[in-house]
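Each structure below appears as structure tokens.
Okay, so chain A shows up in both of these, paired with chain B first and chain C after.
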Partner chain A sequence: MSEQVADAPQDGPRPDDHEAGAGRDPLSMLLQPGAWRLERRLHTRPVHELYATLIALAITAVIIGLLVIIVGVSPLDAFASLYEGAFGNRESALETLVQATPLILTGLCAAIAFRAGVWNIGGQGQFIAGAIGTWWVYDTFPGLPAPVLFVAMFCGAAVFGAVWATVASVLLVRYGTNEILTTVMLNFVIDSGLSWLLSGPWQANDTPYSQTERMVESTFLPRFFDDSRLHLGFALALVMAAAVHFLVRRTNLGFELRAIGVNKQAASYKGISVGATIIAVMAISGALAGLAGAGELLGLHHRINFEFGGQAVGFTGIIVALVARLHPAGVIVVAIAFAGLLNGATQMQVGTGIPAALVDVIEGVALVFVLLAAVACRYRLRKIAHHG
Partner chain B sequence: MEDFFTYSVILGIFVATFKIATPLLIAATGELVAESSGILNLSLEGTMTLGAFTGFLVANETGNLWLGLVGAALGGGAMGLLMAVMTATVKVNQVVAGLALNILGLGGAFFWYRSVYEEGGAVAFPTVDRFQTATIPLLSDIPAVGEVFFDQHWLTYFGILMVPATLIFLNRTKYGLELRSIGHNPEACDMRGVGIISRQYTAVIYGGVMAGLGGAYLSLAGGNQFFDDIVAGRGWIALAIVIFGNWRASWILAGSLLFGFLEATQLSLQASGVDLPYQLLLALPFILTIVALVLNRSRSQVPLSLTIPYHRGER
Partner chain C sequence: MADAAQSGAAAPGENILVAEDVTKVFPGVVANDSVSVEIRRAEIHCLLGENGAGKTTLADILYGVYRPEEGQVLLNGRPLELHSPRDAIEAGIGMVHQHFELVPPMSVIENVVIGTPAKQWLDLTEARRRLEEFFADYDVEIDPDAEVGRLSVGEQQWVEIFKTLYFGVEILILDEPTAVLTPQGIDELFRILRRMRDEGLTIILITHKLKEVMDLSDRVTVLRRGKVVGTVDTADVEQRDLARMMVGREVLMQADKAASTAGEPVLEVEEIHLGSDTGRGSLEGLSITVGSGEIVGVAGVSGNGQNALFDAVVGVRHPEAGSIRITGQDTTESAPHRIATLGVASVPADRIAQGLMMDFSVKENLVLGNQRERQFSRAGILNRGQIDTFAAESIDTFEIKTPSAAQITRTLSGGNLQKIIMARELSGQPQLIVAHQPTRGLDIAATEYVRRRLIQERDRGAGVLLMSEDLDEIFQLSDRIAVIYDGRIVAVTEPDATTLEQIGMHMAGASDTDQGSP
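Showing the complex of A and B:
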């Protein structure tokens, strides 16, 4: 009896158990029907979620490592090269932050909507709407002094993004149409709209390409360093993450959106106007994606062209939000990690010959296991006590 | 403008309508079966892309297009299996699971393609000897009608055939009716002893297989190679068509043809240089889908438990 105590869990068999065979070793206890039970935890603590996410990411690393071995490269070389390209030196680390900027904002866009149980899949469309709004302000009010113009352009981006999201939320509240489907459809609608603008009213005179003119230099967002593209948009994204955290945790609207995210019916019995909350949340969500569009336009590209939405930051934002388990601080961390993957993948391809598309596989596998882990951590294995 | 309304242009539009509608139709009828069991599979875009790739890979390696179709079915079915594990067994939120598998399917296809065909940073863009149209003797000699209806790919006939087949399966067979009742009221089915999870697995895997075949049409019949953006939103359009068709097979046929017609018209408008914003025609299917969602809301045939996981004994 004494040697098995070390192996058995703390709430394992007691010496006075009647079932003599039950407690010999943990494996047979696990296999014996009825001895162990998978049961729901009554309360999942944040630390459980963190552990589960970390385990999921570890499993992802193992799977990706195996995949890399199949391709014929040492996983250590691959990961080292990926890391080197992402964070290896000052230049690449700053470039990673450049690429993280829109992902933080689109991640927040998805996170706040998902918190409220509203499935805004339209971050990509709202991102483009934001760029369109920025350009519209720039194009319509050319005479504004620089500080006012900056504020107006960001407001334009936020409003356009919010309006595009509101189309879906009004349809949801008024007619009960599924917002997943409408936001996906609206992504395609605005793609066509942008394509029309670029080949028609907004097309630059000097080129045959579908693109706008280059913006004047006074509208470029200031950069932090001479040797990096890192622009003010990154600071804006961090501020927005803090603002979203404050909004969700410390305001009435935040309480209401969490309440409808948990149970719409209960929330409405409590006196919360579900419709108004959904519309407010979707507007904020769309505005965040719109700001990402403004940041990319004013900080990096300075003109809208056909490839503007090509990075699909709106969709990647959804993955970022989900892997971050919808926490604003987590969104920052995951966005920087994902941007690092994107940024490091080029170097990995040059250094080891592994296709940069590995990043897409990493994102997909990571998300799948984080989701599975999120379900798993709601359960625990428990020994059923037998009282004779 | 007069040039546009010539016999050959209009005939060309109708021929192209069926070609464009084929992958949509195949994927949408599969998705209809999956959704009937109460599982919304949002990963069609990724599943079609993976199917287009695995189909191409097998066809290119073996030189046999029919084996390519088997490869596409396996690729799509594997995605369906993953979706079923995540949603029917583990009961991850269906929307989130679908989005995750979308990324995995797209990324998997891109990565796999490059690791097979990329040499020194450049892809060779291999091609296959694609399927020729299956000309039906005699009937294809009828002017206009013959060219539109009887000179298409086998997969096109297959897609159209799947419409009555799906209709009969879902409305007239025991298994199909059980599937639909699971989609509406899983609790009642569970009490009647109808196995829910096994049927959901079957339905979702079938949906994946069909999406894979739809993707294979693009790489083996409509075109002769694989490239990253080969599916180009068609997975999402197929999802839209299921909604547009209000979860009825016959309306899914109508929806696929309408989407195909708008796309074909748009393409030939662009080619003919007629000065009309073709982007409007590109956006129209999606706007119509939203309108259909709003208009059909009171007589919606949507499976009532769609996206709601079933937990026995829990509420």
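Showing the complex of A and C:
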């Protein structure tokens, strides 16, 4: 019984807690006789988190390796061809960045909302809302000069994404409706909305398919290189990551959103309006996913069809954010890594016969272990003296 | 009561329960550091120490909640292996914790028999007979069929005590039993405890209040930072000796305070009503006024509307009827942010839940709530230089012990957490300070500090609304005392014009009309 009780959270202030930071010499701890015990750290430092995450990823690699062995392929071959397809040469590396672009933005979308303790699971729907917004601006204001049109289309995407997220946040703030449920349901709603648009008002005249016309070439996002699809959207995603970091760490709103993420009650006692902050954060979160929609439409697809959003970047963004522990820089790294997996999987499938769907397994396993690591690094193993 | 008498039981005056070199370690804290105590049969033995000294931990070891990492417990000279409180009860040791372990919707009698071992026959009629006998014998007026949730905290404590005695323990451990009682309740408890001792019960009473030790105990063991400072016969010592043992230095027992006269009212609460929908108590037409330059102490047993009053004044909840004016302006419906800008500082009772972001850095907590002030941000962007400067100053003036301003708040001790709140709240030279239990859980040094600051603020001209369950604190600090009961102020008086007993009567609900309306 004592072991469990010892780790139970305490409600009262603990006057001697500050002594907890005092380290002990690890070697002498190891040599001392006695039992090991898991105990809670009062304070986790970023290095702990980094190590824990790296260990989690290593464990993931081992598990995936075992799966690959079961299929009868050498894990080294599998990982080699996966890597080859993801980053092996200039072409594939650039293509990985192309795939990372929307994941960075949807990852930021989830990360900022989660920071505030708001569980926006609607990145996918907001992504589609962004594409719809882009098309709507394109369709409604055909006469705009190119630079203005670009700005207007991105603004349209951001606004549509924000509005779609705001539906959920208003329900949450006004009626306390669980945002996880509403954001998930709104994903379905916008899917149906999109089908309706594609088979009705926005359907292209010249085809029997449910899709829009192809956009005129002047609206295509500039590409960085002739031999790659990498477009300006990638730069935009990086800028947004920096902006989110700045917002969260350096502004009032960031301070307040972190505050409501940590302790809503204390925040409201200290005059922070929880409702207003939630509305603001969700709008920003939705806008980020909306920008991802604009980037995909203007940078790659140039038309909306049924497949648009089929990659489920909104959902992958949630995993990206969680694996990145909600840090914007981490989101960039993890998004590129995940994009590499997606990209490399095809090569792996061709080269070794392992189904590309293994990537989903990798993502899932990585998520589970990184989340476990996030909890685990709040504890440490310590040796205690003999029981008397 | 001595049903569980052990073979080879000690005669009165001999050691019955002994802890030998007991050590218990919690993450980062040695809660009991080689603690040895000898409890004699049929004595009242106090465990005295400041918050965090390790009293509860020691009691929990004697009661089988924790197993010590080192050392052992002896009962009647023989080593005692306790794996759970059940073992302790079987060995004749019972304990009433600070947080009661009762089932509120069940009746008194059901709560008492609930722990009957499965193998024993549950005889409700017999149980009722014994319980009624107990109550009659000790003059405690509790209906065995009453629902426990409807009893007052004091009455619930009696249920806890009788529940323990029902199983025939011969050693009774009480953890800070007076914290929930009025002065009269304390007298009654002590009277009965003395009688139980005379009848042969051994009583271990945990407290951090010196007066209680002096009043009640035969012997006292003082703990400090997990170590035993010493065990003494109460008759041989004075209060200040115990204080010195407890704190490790001389302490001033009295806060110095000059007389003051109240100026213009800064807080006028008139007839407010507030429902109990949030579970933080209700108000039934409460009125109170605080003038500038005075401390108004609100005395009362917890749960009589203190939380609701706090919430209403700081604007977290809005009264359904009545009005609140702060520095002359109507704030009945104002949001917390607006109220703060009128110069209102608030020190909430639960600093961790309502006062701080435990996962923020110390400096962020020092500006929490003021982050939009011109001093700390421009155009929505935080001014980190200013925040750092302010934090460094606050840490300095308020003597906050932290490795750095960037330290995560969670790692600080209770006293330092309260200093962060005080530093933040007092920084803007507030006109009104609403402080709820500002010294609860603090050690003596931090307590002295907080009280001194409140008096300084009063002398500067701030009005202070001080809600506290600690009557000594109320008497020490207040210029006027108001008593809250059942969501109303039932009496207002001055400390010199009243006695502890009178205040206690009001706290228990007796109102008197000569005191005039608040």
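As a convention for this text, the second predicted complex is superposed on the first by the 347 of 388 C-alpha atoms of A that agree within 3 Å, B and C clash if a C-alpha of one lies under 4 Å from a C-alpha of the other, contacts with A are read in each partner's own complex, and residues count from 1 in each chain.
Basically, contacts are C-beta pairs under 8 Å (C-beta built on N, C-alpha and C of every residue); 3 or more make two chains touch, one makes a residue touch a chain.
Fair warning: this is a prediction, and the values are worked out from it, not measured in the lab.
In the superposed pair of complexes, A:A152 makes contact with neither chain B nor chain C.
With both structures placed on the common chain, the touch criterion links A:V163 to neither chain B nor chain C. In the superposition on chain A, A:V73 makes contact with neither chain B nor chain C.
Shared-chain residue A:I63: touches no atom of chain B or chain C.
Using the contact criterion defined above for the overlaid structures, shared-chain residue A:W119 touches chain B, although it does not reach chain C. By the touch criterion stated above, A:L253 is placed in contact with chain C alone, chain B being left untouched.
In the superposition on chain A, A:G200 makes contact with chain B only, while chain C stays out of contact range. Within the complex formed with chain A, the chain C residues making contact are 21-23, 25-29, 50-52, 65-72, 83-84, 225, 314, 316, 335-337, 339-340, 346, 348, 351-360, 364, 368-369, 371-372, 377, 380-382, 384, 401-403, 408, 410-418, 441-443.
Per the touch definition, chain A reaches chain C in the complex via residues 1-2, 5-7, 11-22, 39-43, 250-256, 258-259, 262-263, 265-273, 382, 384-388. On the chain B side of its complex with chain A, the touching residues are 42, 82, 86, 90-93, 95-97, 99-101, 103-108, 110-111, 113-115, 118, 121, 233, 236, 239-240, 243, 277, 279-280, 282-283, 286-287, 289-290, 293-294, 297. Remark: chain A residues 71, 119, 121, 171, 175-178, 180-182, 184-186, 188-189, 191-193, 195-196, 199-200, 315, 318-319, 322, 349-350, 353-355, 357-365, 367-368, 371-372, 374-375 touch chain B in the complex.
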